[in-house]
């Protein structure tokens, strides 16, 4: 648990346990604190590393427009700071994009890559959804109703209705009512506007786990099918009964997939 | 093309062609004018009937809260007005719900039912999406970005990007900028709040076509799977490569399915 | 109902009704007699044409190895014999392949094409299944157990268990016990060995309906996805709750899709 | 690597590594030798246990008709022999059924259960497929063509065509040409005839991973959907791009899922 300095910004990171290193990269609305429940299962065999990207959690704000590149540099600086030469990276949504770009820029450092609820490119559809979020920033309740049903599945809403209502009460009084936090969300959202690594997918060198969720209506299964078709050593599964927020909707599967794929060291099976 | 009077309201309807009657029921944002391109193919063998429900198109506004029941009564009044005893009904989204409720209330009058992008019940998830729409009514651009990506698929956005941008320019200057129209949209949206016919699905007596769209993120495929499992004489297909707006995204399949199922008069095959 | 002569062989065909012509092409084990239940619904608006391909039904046997080309020529000869210049063609399985090849060879004659349970190419997997069928020809019961579960879905087996058992009793005493019929089946099966039109799919000029069945384990959905991606004006739907034998498992949907698509004359929607 | 005596039969088992015990249960045609490539990755954190069920591998034949019950007793005897009180069990196909029944009979002993390519019941469809296999036992080539395309996916056939041809050459000269082996296969196949645990699924007490494969045409996805809906603490994923033989078609995912789920000790997430 500490800060390190990256391009004159203070960046918050946490590490837990010992073993081969495993970095988790946050979704856009998340922070290190979002992983509390996952620390114990995911640090059992690995040195688990969490980090707040710029405009997330306890890290500094970056009060100007930016794109993913700065977050990718931040990851690289963190690994240098920790003297980690090679590691496994798992990311969800926004974090999966940063992870994928990191693996493209630094193939020699990534042992295995795990992409949950990922896309290879922002397109006009995702941009319109981002526009809806950005236009709702001044009204916490509107932000909630605009963003949350795109993230959680109808089934999760039905089963966990009380939890969802508590979450609405909480979020609309805290994060969504916090002007500085919302400005960070707008910048993070806009930082994906030009994201497009489709032409580079063939360059991914490490074994890559690609995870779809059947009811993901923000990065739908077609996006991960595309990734699976174009990343050379890809391994593709679908979590049934989950929306975009796979770590909340199916935490056991989320953690099991990371635990298993990160620690499955075998590169080639002699079967075929 | 005429008005008739229903419960002191003027209701606009249109009829085309001759043959066994076929009623099309509009989705929530639609009106008779939305079907222009479908008139010729769907009036080829049938007397095609279009109608603006209350708060739609040229029909009167209903300036108070209501639920689906009044729209179901409107359909019944229209059929009485036209002296139609028995007919086929096809509906999309909101219209499919009205059609389904009509078939439950008046089983003796419905020959065949066709449900596109339907659900058996509004739940907390759909209600939250409706809340997002309702909170965006004062800003046409916000309404567009909030509602439209839920209706059209990512693929449609990519293929028809120019058309979508024109549509945004048009809608944000016309309907979405029209206060009376938006008030109608809010009432229509709220009229579905308590919609739930799950317990009655076993009572549907006519052959029923159920149509899912693979990329429908407003009434996802799980909703139609439920309908297909619970409606006794159901026939279930999925349109691939379409979002919620099946009539716009796949008009040929939309029209072909109605044309074929409405005119397929055979009730039982002796095969099994 | 008559024979006509094609390359010194007698070919049986049947026609029903009036209207724009619609040709149905049989699956491999089928004959004109298989369509009995479909004659009334499919001749309502169209001149329905049925034909037994070589080695099928009442048509002559072709006691030598052949490939699809002869069946494609047979279709052309039949249309010339009937003075039909232009028509709609629907085929299931083997018949869909012949129909697709006919549309490729004679684009000027095919108005609309409907492919049920189709593939663009036989591959090593389908060839091995054909090998299993061919090696079982001497034992009617073995032929039944080898071929039938690949054709009907588990769900159909469960729902129609009595019908299936009657069908087993019937088939193993009649067709599957008939040496000449089985020799024809072997030749028909072998005639698909080198079928591969993948490189030509971009040349299909007419609107084409492509129909998958979710539980089709002989020509699985991936095959039709390929067709839909490569045929320019394709329209793709999936019948849920059906195996390979869509005409038996979901006859209402099978007939409705043909009825609707064949009579949907509109070529372009002005929507987008 | 040793034998132990179970009901007067010699049963072969193997153990590897240290840690909390993990038992792998073979599919019907498999033996301990089938897992060679998986020993290293799956014994990294666990004491891995392999066993040949009766009529498999080096274990004795059971030259009379039997059902699953004897294999379930065998598993219990093995665990007693090894003084294992509680463990994780993973099974594929036939082995998943034995594992599921063991968990139902001995809930106090099963920590976590992992079911690959499983079904809750044999039905008439699966029985007919078994009949086809049983009628083909006298001809190795016929057995190959009858059984193998149901086990491997079309995609696997295409990608690994050479390997498949070598496998055909090998299997038809060894196992499939071995009369005693084939008699064992018939008994194993018949032992599933009355398998049906549907009514008991609600009694499964441990966290259960359920794994479908998208192109599994022997135990199709509908079977695992049923399991996932009825086992209380189930966690459901689908391996894309795999047929029934998931361990051969997607070995990295197969091993990763077991490695992760078996070692994910957390029982409840406090998220919801």
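Each chain gets a letter, A, B, C and D, in the order it is written, and its residues are counted from 1.
The definition used in the following text is that a contact is a pair of C-beta atoms (placed from the backbone, for glycine too) under 8 Å apart; a residue touches a chain by one contact, two chains touch by 3 or more.
This is a predicted model, so every value here is computed, not measured.
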{"item": "Each chain counted as touching chain C and chain D at once", "value": "none"}
{"item": "Length of the line joining the C-alpha centres of chain B and chain C, rounded to whole Å", "value": "35"}
{"item": "Length of the line joining the C-alpha centres of chain B and chain D, rounded to whole Å", "value": "48"}
{"item": "Sequence positions of chain D contacting 2 or more other chains", "value": "none"}
{"item": "All pairs of touching chains, each written as two labels joined by a dash", "value": "A-B, A-D, B-C, C-D"}
{"item": "Chain C - residues contacting chain B, complex", "value": "37, 40-41, 44-45, 160, 163, 207, 209, 212, 225, 228, 235-241, 248, 250-253, 255-261, 263-266, 269-272"}
{"item": "Footprint of chain A on chain B - complex, ascending", "value": "123-126, 128-129, 131-132, 135-136, 139, 141-142, 144-146, 148-149, 152-155, 157-158, 161, 164, 215, 217, 220, 222-223"}
